């Protein structure tokens, strides 16, 4: 019963098969191979436009390269206070940008509020004393399992652009948001104003495959050089490309994400039926329920893996009792219905015991 | 006929099988999995001592993390003038170290001469005006296909240590050197004075698997944090670990390297028989012959892939005529005898035509 | 009527005379001169202990060198949300540290609240994903004209040390705080737990003279090299040293600060008498009154120079009306009573007109 | 008898007087003052064109800011192998640029040979693997006391521009070269192709005053922000500006340099008369004679201050015997004829004793 992370899952079988298949024969190294070229072409199709693609193997690398491209060392980047880039990447953006400042804005459900951005941008700042905002980074779906609507992204991007900021989307869970919205990749990104995208494949079934996608080639800057000196240009690039090729083929990526989202919905519905509170909308593949301590203990005793969570992004007024614990449950393409149901059965038994006290 | 690079090869079948095999079930992410733990234990066995291991996916990352650990921003690193770290990593070491200076020393065959190091270290330098050497980086086997003897490494390391420098070994082609010397991994590294090793798997049959190995845990510094902020801690770390596990199992890595070296020897012997000059000893899996232009053209016409080469590391007096071209030929675990023989047959025909003129 | 900044003042006559006097003859460069040595000895006297001193010419340089010494690139630094280091130094600390993160904590009057630090430190953080706090930076006197008591510094430092953090004091207005408290330099710094001090001279009568003072030589790390590569080791160092020598001689620095503080007190008292609200205690040489717009206009028309101010550090409930403006008034060693009185006279006339409406 | 460095001299009296004179009254801080504006205007006159000026207090800061502007982190900068920027600034350029590589080219007399630049630029380099040259940095007068002719600068700049490189001139001893050549500032800089100049005042009579001068405003990039975060924007900027204003007034700077050069010429002529060899042309204010050890000892015993020197830039065939020592003698605006004559008298006596043996 893995609900700890979509990173704890392995890879989707088709992705593994593609990796095995691409092994045959010699190919040019460092991205000069035909598979890398095909993936780029495929991404152009997927996003319905020409674009620049830079393959990497971690979301942290994709994010840091993206933000270093948008923000010079003396500029700042607005993001949610609990965004991956500011919270758990150990300063990767600061490192790649040479010291740009990440400004974390609080917001319910992990979403950057339009008003918070507007307020921050309304403050006059003096050059060269102060660090001027250069970029807005959004996470879709968010770290708290919610999803920006296309209109929300559009409004945030419009505001950002009006102040000269570039817009980055951390799409570590891009597909989960996309299938939730039923939008096209184009609609959820460049048509809504996104300039640079960290396109994630790893959490949704790849071994290790992410892409920095730059919609406006003029903004692609020197990502090639930054990636190289960051040590992120793989010599046998074909193996990363093959992952993404199979991932994108025949909408496999969307199916994988739809599966993960459905598992989350099934799990959330089950928990709700048990009377367990879930203070945030479950819109992708993450659920943040408030478990009675006894239920938490029963689940762990039964072998369920999941993380306790701390966040300042719950709706105002959400109370977590002394005998309760907020946890994060993550589903993935690999989550089986039996896992969900077993989790729910244990939780149900736990709830009965809690209520019996 | 791929003689362009060992990076153009795919992966060894056993490595691919291990990747497929490790896919089953959920595992802790970010290196907390059991496979990663097993690889570390295996490396302790291989090197006959306790050590710290940090898995990454490129040699550039391994080198930069290693050298950033040994050299603070205001220090310098001595290496060969044509070392990978100084020549083709786009400043990765400068990036990860925050600006340390790489000092390239010339030397025949890609080897750093002991006298050159001694001479450099004998120059008095003033703190804080001048950058003081902090590390010596050697490449084994070298970029020019030669191999340091264990004694040569020992003498260089002794000199380096006597001046307070740490010693790094870039082992992108570690196995090729090891089987050439018939030495143990311990003998070629820490017993000879190496402090930090970039242990390469990719060029010798892995998909993308390298390890920073620190022999003295006290020197491991903050590699964990540096790797994280460099974006090099893979979430699904098991897939990198599984590559190395199968690579190291049952001496597979040594067999792969022995095959590559044998292919190089067969190729070199064949070229020599044709009267083609090879100005440097062929001690691992790279050959740098001087081809008559006609032979070069004939080989390319026949579909052979290989790079022309420029180097200042040939023995003094090596003359390359106007109608000649220095090229690099690289063999790998995947090189087949037929490829070698076909290359030689085309070269032989080319030589006949050249000589007939 | 300069109340814009203590930076708008020139230098104290004695400081200028010392600069002229030190000009005679040749002296060793780069800090090897006897004047620099004498200043160091004098600072040891002033602080009643052995210490390391690094002269620089800006507070920004002193702060950045100090914090880069305490916090590695992957660590964070706690400070007030409106501290100079985080607000108006354009990322100098990020630059010198290679990307350390400044965490701004809100607090009334520009003071870092003990509880806010405790709360921040109580959050568990995971290495290597998260940036671990390495230092606490306090500003004394604060950016909002208040002064930490010795006990407050002691309590904050004790908490910081208990969590392994180093403690930095930004003493751009060190003397103003010192004379306010009537404490000794030792009491306000290392005896209270301060590890590294940016000792400011410029704002209080020097031309450009600051010192990084490290109380525990073991923590002085590589400031010499960092200063050099930052371009902050002046060749004719004697001229900086001479400023500080005269500044420190015969308690001149304390007299200068006492003058500035007295001017501020006189000004604050006068404004209060006029019914102008001053929401923060005036404890050093800065005053933040809320001026009716008409008074603000009248003062500017009369030639007074001062800045409008924006801050989130006013006491809760402080209301600034639509026809009011918060401003900052700064006095200095050079402020003359006539300036204060003229300012007050114009303000009084302005108040009469405002009240007459 | 100071011949150790022009940095050991104090400041020219007129410069000191200007500093005292500018002290009166309040002025805007951070370069918003009228003196800074006047200096900029004066520099436009001096250089006969519009230009951008950024005042700093060290040559290292000026150089590093200049080169960081010309070369991104992943680019390289060509300079002489013994240039100040590469040899004695502790990696300032690497620091400010975020890791750009300085490539030191050997050349007699400290001059970068045109052929060496051409040879370096003729090597094909691959993006993103290799660091591509972005700038050429020349030092005028050179570290070895020689002076590039205007034509030499022009030819080097033309070659650099033809390859897309920017041209930087390290003018720490700019005035000494200028008076030697009898050229105008415009002729020796932008008319010859220089893009950015480190204009030095300190060594030639200022306390601490240098300027980054950017001839083409489009290339001024973000020097303002870089200077700020480097801690090099002085709050009381007027005091730096006043130094340069008096320095530039009525050609005072040229007179000071002419004096230094004349002292060097007098010294060189005297040494030559004694039969002491001077292997490099004395074209500015530095002399590199080969002293018999006995003469060296006699001079030191008599209180002369000067540095022994090590260089690889002497003309081929220059032999320094076992009983000889190469030294550097530097004159300055403050060198008195009596000092020179006394030095020569001691040297003469020393030569007699040496010859008597």
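Just so it is clear, A, B, C and D label the chains in written order, and each chain counts residues from 1 on its own.
As a convention for this text, a residue touches a chain if its C-beta (ideal position, glycine included) is under 8 Å from a C-beta of that chain, and two chains touch if they have at least 3 such contacts.
Chain-to-protein mapping (UniProt): A, B, C, D = L-threonine aldolase.
For clarity, every value in this text was computed on a predicted model and none was experimentally measured.
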| item | value |
| --- | --- |
| Labels of chains that are neighbours to chain A (L-threonine aldolase) and to chain B (L-threonine aldolase) | C, D |
| Chain pair with more C-beta contacts, B-D versus C-D | C-D |
| Taking each chain's C-alpha mean as its centre, the one farthest from chain A (L-threonine aldolase) | D |
| Centroid spacing, where centroids are CA-atom means, of chain B (L-threonine aldolase) and chain C (L-threonine aldolase) in whole angstrom | 52 |
| Separation of chain B (L-threonine aldolase) from chain D (L-threonine aldolase), taking each centre as the mean of its C-alpha atoms, in whole Å | 42 |
| Interchain centroid distance [CA atoms averaged], chain C (L-threonine aldolase)/chain D (L-threonine aldolase), Å | 35 |
| Per-residue multi-chain contacts in chain C (L-threonine aldolase), two or more chains | 30, 73-74, 89-91, 94-95, 98-99, 128-129, 225, 228-229, 233 |
| In the complex with chain B (L-threonine aldolase), residue positions of chain C (L-threonine aldolase) that touch it | 30, 72-74, 98-99, 127-129, 222, 224-229, 233 |
| In the complex, chain D (L-threonine aldolase) residues that touch chain B (L-threonine aldolase) | 73-74, 87-91, 94-95, 98-102, 123, 126, 128-131, 310 |
| Residues of chain D (L-threonine aldolase) that touch chain C (L-threonine aldolase) when the two form their complex | 2, 4-5, 7-11, 13, 16, 19-20, 22-30, 56-62, 64, 89-92, 94-96, 202-203, 207-208, 225, 228-236, 238-240, 305, 334 |
